[in-house]
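Labels run A, B, C, D, E and F following the written order; every chain starts at residue 1.
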Amino acid sequence: MTHPLLLNASSLPDIPWQDRPAGCSDVVWRYDANPIIPRNATPTSNSVFNSAVVPFGDGYAGDRYAGVFRCDDRARRMDIHAGFSADGVHWRINPRTIDFVCADPEVGKLEYRYDPRVCWIEDRYYVSWCNGYHGPTIGLAYTHDFVTFHQLENAFLPYNRNGVLFPRRIDGRYAMLSRPSDRGHTPFGDMYYSESPDLCFWGRHRFVMAPTGGWQSTKVGPGPTPIETSEGWLLFYHGVLTSCNGFVYSFGAALLDLDRPWKVIYRTEPYLLSPQLLYECVGDVPNVAFPCAALCDGDTGRLAIYYGCADTVTGLAFAKVDEVIAFTKANSLV
Amino acid sequence: MTHPLLLNASSLPDIPWQDRPAGCSDVVWRYDANPIIPRNATPTSNSVFNSAVVPFGDGYAGDRYAGVFRCDDRARRMDIHAGFSADGVHWRINPRTIDFVCADPEVGKLEYRYDPRVCWIEDRYYVSWCNGYHGPTIGLAYTHDFVTFHQLENAFLPYNRNGVLFPRRIDGRYAMLSRPSDRGHTPFGDMYYSESPDLCFWGRHRFVMAPTGGWQSTKVGPGPTPIETSEGWLLFYHGVLTSCNGFVYSFGAALLDLDRPWKVIYRTEPYLLSPQLLYECVGDVPNVAFPCAALCDGDTGRLAIYYGCADTVTGLAFAKVDEVIAFTKANSLV
Amino acid sequence: MTHPLLLNASSLPDIPWQDRPAGCSDVVWRYDANPIIPRNATPTSNSVFNSAVVPFGDGYAGDRYAGVFRCDDRARRMDIHAGFSADGVHWRINPRTIDFVCADPEVGKLEYRYDPRVCWIEDRYYVSWCNGYHGPTIGLAYTHDFVTFHQLENAFLPYNRNGVLFPRRIDGRYAMLSRPSDRGHTPFGDMYYSESPDLCFWGRHRFVMAPTGGWQSTKVGPGPTPIETSEGWLLFYHGVLTSCNGFVYSFGAALLDLDRPWKVIYRTEPYLLSPQLLYECVGDVPNVAFPCAALCDGDTGRLAIYYGCADTVTGLAFAKVDEVIAFTKANSLV
Amino acid sequence: MTHPLLLNASSLPDIPWQDRPAGCSDVVWRYDANPIIPRNATPTSNSVFNSAVVPFGDGYAGDRYAGVFRCDDRARRMDIHAGFSADGVHWRINPRTIDFVCADPEVGKLEYRYDPRVCWIEDRYYVSWCNGYHGPTIGLAYTHDFVTFHQLENAFLPYNRNGVLFPRRIDGRYAMLSRPSDRGHTPFGDMYYSESPDLCFWGRHRFVMAPTGGWQSTKVGPGPTPIETSEGWLLFYHGVLTSCNGFVYSFGAALLDLDRPWKVIYRTEPYLLSPQLLYECVGDVPNVAFPCAALCDGDTGRLAIYYGCADTVTGLAFAKVDEVIAFTKANSLV
Amino acid sequence: MTHPLLLNASSLPDIPWQDRPAGCSDVVWRYDANPIIPRNATPTSNSVFNSAVVPFGDGYAGDRYAGVFRCDDRARRMDIHAGFSADGVHWRINPRTIDFVCADPEVGKLEYRYDPRVCWIEDRYYVSWCNGYHGPTIGLAYTHDFVTFHQLENAFLPYNRNGVLFPRRIDGRYAMLSRPSDRGHTPFGDMYYSESPDLCFWGRHRFVMAPTGGWQSTKVGPGPTPIETSEGWLLFYHGVLTSCNGFVYSFGAALLDLDRPWKVIYRTEPYLLSPQLLYECVGDVPNVAFPCAALCDGDTGRLAIYYGCADTVTGLAFAKVDEVIAFTKANSLV
Amino acid sequence: MTHPLLLNASSLPDIPWQDRPAGCSDVVWRYDANPIIPRNATPTSNSVFNSAVVPFGDGYAGDRYAGVFRCDDRARRMDIHAGFSADGVHWRINPRTIDFVCADPEVGKLEYRYDPRVCWIEDRYYVSWCNGYHGPTIGLAYTHDFVTFHQLENAFLPYNRNGVLFPRRIDGRYAMLSRPSDRGHTPFGDMYYSESPDLCFWGRHRFVMAPTGGWQSTKVGPGPTPIETSEGWLLFYHGVLTSCNGFVYSFGAALLDLDRPWKVIYRTEPYLLSPQLLYECVGDVPNVAFPCAALCDGDTGRLAIYYGCADTVTGLAFAKVDEVIAFTKANSLV
């Protein structure tokens, strides 16, 4: 009994969920016990945010979910950690950073790692993240068990952030969205699409979308793994507005053509969620709501969206896939 | 029984009011139920702030006050809305933006509108606002009923913000204060005075004041409609300080010469109110207190000042005209 | 025997002229003895450039031309001087700055003056220039004899540069082009049109043109007084490109609608002249060719264009009005 | 019964103290009633922060502690005030600024004063602060009683901040740490060491440390007076990280060679305390924790650290000298 | 009779050549009739520079050399043109831009093209250039005859400049050097190496070199096609110094490991040629010497280096491969 | 027969000299064979400029003058070299950099050295220069013979440039002018005065002058060693103007109080010399005229001023001390 809008979706009846609060008409609403992961979730963590979660049925000890988490430590070094959860809300994060297996020390050498995404493709979990290699670029690895991670070649030349894989090959090739950047707090950011026959060599780069205005006037970048629907790939994406006091990160949604995902069919003019509550507005970087993962129940279309809050803690928000799609079509820029 | 310091002032016995709290010695004090207008006051609003309120005796259904409100929607588009209130505290804001009647589509075309002021002159209400016309400039319109608004020519060439009309002609001409700017988050800002015989053509521009130091070290601009007093035009104005983490907006007061309003007689060295409470310090733009309107009771000299808080919500503060004038004279920069 | 393309043009058979050099196919070509005015043309001048020249039939001692000249002195103070010439090529520049007669000392007070234009309207010569009044704005004055100059109100609020009057009223009102700016080396610049019933109050501001790309990618501003032709107002305008080593100023031409001059009918995509010779590329500001005046012979359509070179000296270039119009139409951006 | 790690330390059994909270493993922990000094501690203060406290046994009326406090007033003028306390927690701050006795009015003239430190050397208290003298530099003065203050020559040429004296001569000379800067919100900052035979002439300047990464990636500067221990001079120092929304100030610790204090023996890679609580994250400058003084009990090694919070209020934190030293050695960058 | 240091080198006895002038001890010396290509080499060209030349034996009409030339036109649009020459010094440049054959209009659409390189690999000439595709990236094409050019996929995501192919496969794959950038006048620039099995998909990205100091303190990027020698790949590369008046472009040389070209074996600390003559110091961008091609005679080791001068004209310089290698080894940074 | 205006001046009848050219009325005029030192004066020099020259009677082989020269080599490393001359015009510059004798390797370690001045005080020559020590500061050394140089402690903390000693003690102490800076192309620059009892420890810092406007609107700094006259210390100083294409360096003169040299008695509003000739306008840094030394004949008051040209070569200019003083007094800002 798959949801009529969802394609290739698994039944995930137990993902975190709360019904929309009474009196609320928002398409995306927050978990009432946010943040779900505090800044000191590991003994040395300064903050845990911008992290990725996937179903992981074969976890031991009842675990149903696994994830890769950005934990900045108290030296403010940025690295990623594995974590596990029975319910997707309460998490045990490994206090040790992921130690990647990598054939070439030139590639595997750690500078910094942050903002991971996790994506199941065919037979394994792939992790992509912002990887320091003489500047930020897109690191790639795979794991079967969230214990051993095999690091691949960096996908692109620097400078790039937010590499997000599609959950299946498109036209026979792996596919990735990303947001090329510069080396600092980049004041621009378009989203692009790239393909690879083998996850090693990448090409056929296509422009996807640019900033427009309002909450998405400075940069736009992909968030969670795109969700395949009959209306197109449903992509949650972040947008940035530059106020006189700095960047504000919100997020919206887009529908991308299933076969040519660089074609944007619909794209929300309003944001779906912007930083408004104290844990989103106050922290190491004020005014940030930054989604990196979404769980989707294939039966009901329920969505549980994980998003970083103020670059400090991790929050959870909920939505229904049909409502998000309807809202995106009804409030589209394109 | 007009207040001895006020000239041409109407009796407004029912404006919002709270006495100064016990133990407080501030000249301006906050309403204890701030903010009076939440960010989601309309179904699509992201924020409601930097808005203008006037007495409007002929309102239907018991309304005694009308206003023009800056509502940024959830796409973060900036536009202005009419609103009505029986008590000046509780507001019904029209969820639709104001649809201006304008003869020339070149002038009436919407780019963006924000930070309105409203001013009664002779026989009607005039609205001035920051109007997008290939950059920010000063838009002008009039209304009799806050339902139909007639848009006039833009007062100035770009780039300008904070056009504030005087409530009567001076030397036979309409008069306006404004703050010329650049196209972005302008890092400078002086206040100027201009005159017009007809609200179409403007000239006789005079410099009024520049930033000095402290809370008003980066830019200064006019706030509510000036209030005519025997000591001069009482002007509340905002000032901006640039910290290493961005702009901080506070406000003070000045007294301008009645006949040559570009002559500053007194000007507060201290601020009257700076962003200190959570709703002023946390929001879409932290640390902003930005006044755009003040109601003044001609009998008692009571003042109700409406100010935008953190570019997110609207607050209310109180003062007495004689105390403000005394403080301004006693703590003057000039 | 007026040139068929020119309207309201005077016969000026003796303006400076050289035929196009053999082998040259440029629409605008340089005088072979450039620069015509050296940097030390007055005893205290550091540079003489960005200056305006007009026919002045009633000069004494055989003078046929008068002008207002930007002379920066050796303190690098910027001010304007009157000058006279019998042939438009050899100039006697008054070593003393112009001493304006002005009723209001607030307006007449000197901060700095630069980049003048001169325009005959009806019965007198009007001078417009960039006038320091708490920032750059447009100063205005008139003279009958280039000896006594009467200063009027500044046309606009700061910040503005390059105020250029039209040589006749349009729809009954005086008309001016200008380029609003910021307070420094402005990195943007659009051209606007404004009207005035009396040269004191200005309004009905209209956007004319913005930078596009190439040589005119950073800012565009009006140059000499527009020339009335049957094809529209012929406007020479400067454009700025930002290289990694600074601004490069070139110039092109546009045709504006005769009745609604804010409507651009044609506009050259290529420049007409860019800084290429040593006196244009080397000087106080390298790589500047900046036109402020053009003489046009009504009979032949010959044009003598005066332009500042490297912000240091003054050059002269020639063209024919029919060729310029044909080129503008054939190589238009719009 | 001096603490085995402390050298030249006085017994201060009554300094403010709270034991580490249950469940907390931090080396530095906050006072649970923070902030101890509110922003309006004097009738005209906007904020009280970045201030220095010392034991002051001969206070009248039971005072055991004295201090010099940065109080920005409501004009946001920055100046310093004396204050007294019986317990180091509750303070009476003189509402009047310190009025320095100074022989040369060129030196004594007030521009602004901020971020004081106080240090007992030999027979008197020395105050150092950031002193406005055509730009920020290091002001110096001494007092015996916190009533009369004698101002000395500025130690250095502009531009400098955070001059911190050592509590005894080193190799026969006075010694100071400082952080040379520029004139604005300096985006760099190394720490240096200087010596003086007489507190008038300074030289033998030595580089101490530079920013590295993480929380201390933009600038580093000395905090409280260094504490002499058998492991070296224990220095608390601030570090700054630049996020896309501005500077974040945290603090860590270093151990400097006793005889050549420009030699860093150990230096914490993690911070000891970063802005995380609301009073540290929200205020005039969000996300600032800035220590300027520490009291140390010679018997127990208890430390009470005074630090500015959000450039608005003053907080107190606690630590034990042996734990800080052990942590610094175990988590050292060098 | 191949030169003992050269590998896979063709005999090119007729490349342009002048012996080192008497009294000159420079390793690289200029052609005495520079510039060889003037700015107006085509009827609409503003400048011709940063262009690439190769031997082209099968040219008609006696042509022995072909090339791809950057010609900015008088609108300052940047595009590339084919050209031919009998002697490598005198060039006929096609006044029409290259019209690429491209299957996918998304890829073939022209925004701008500049700074081409040409490289013979196996059976055809490949052209790489900076290609505008929502920002600068590396365009690729091939030609057999310099008449028909077939455009391939862009090699990389934006933002990138200076894609330079190796003249043979390395470890079975095509190989390219490039310099990732941002979208403007990038103030940084490292050189990287990438590989491709098919010239469509690229990966195995490796860092090659970063700026160090002096003439190469801001950015470094590859110049002509690397030359294979027994000492390694000989690479001429440009370096940029930022003076207070802008960027200065010089060039030096490096030797890269033959099998792992991202390993720098030697690299000149001094420049080989910096802008010093008038045609290098004065022009559209002062102080630029930018090499894009080098011809090498396999017999004698003579080198003819083509370099852009002041972003305006094209110059020629000479060297001997053994001297360059010896100098590079003797004056190496590494 | 000392010149009546000069104090403590030596007779130097053979300093370089040319009379003022006919028709020239400038107070300072150029040597007609400028530049006197070409950029390649040593085998590895890229440029020789901003250098200091003194009488050196005891030179061997007929040398009458010695100097310390800034030579940037072809790696664009900045260092200083000794040189000798018989006539002050033709120079033999040691191709090896000065190798300082320094007791403390922390002080003597070379980062970079540039812009030297040389000053005879009492019994030896002192050299001061901009010395790299974790940023630019003022290096100091002495020599008796221009062969062996003894390096002293750096005078100041970073960041500073242009340390210029006075030729005798003032009030019993050594005295120095300098220009505190930041770490890059500093956009500000005031001149300060400092004293030292021993050339090791410095204090009693006094502000001397700030930028005003025109050619000296961005920064001002001391040039050659001040010349003692009955009218005060005659100081040539450089000033910087910021055009849209970068910094322009000119120079003027000031008279400082003999006993309190931080008191400016007169200061030229016009420049004395600005970059106007090709060798001043074209080079590694266009538009720089930067004086570092002046020879003065005590009998005639003739001055030979050495100045760097375009940061590339060295020029010579002439003046008469009485004319310079008269001009300074007649054209003074103060």
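Just so it is clear, a residue touches a chain if its C-beta (ideal position, glycine included) is under 8 Å from a C-beta of that chain, and two chains touch if they have at least 3 such contacts.
Since we're looking at a predicted model, the values are computed, not measured.
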Steps needed, at fewest, to go from chain D to chain E via touching chains: 2
Mutual neighbours - chains that touch chain B and chain C alike: none
Far-end chain from chain D, centres as C-alpha averages: C
Copies chain E and chain A - interface residue numbers shared by over half, same or different: same
Distance between the centres, which are taken as Cα means, of chain F and chain E, whole angstrom: 42
Rounded Å distance between chain A and chain F, as computed from the means of their C-alpha atoms: 60
Shared interface positions of chain D, touching two or more other chains: 245-246, 282, 286-287
Contacting chain pairs - touch in the sense defined above: A-B, A-D, A-E, B-C, B-D, C-E, C-F, D-F, E-F
Footprint of chain A on chain B - complex, ascending: 39, 43-44, 46, 73-77, 185, 245-247, 282-287, 311
Partner chain B, residues of chain A touching it in the complex: 25, 213-215, 217, 241-246, 248, 269-271, 274, 276, 278, 281-282, 286-287, 331
Chain F partner contacts - residues on chain D that touch it in the complex: 106, 133-135, 137, 153-160, 178, 180, 182-183, 186, 188, 190, 192, 194-198, 200-207, 210
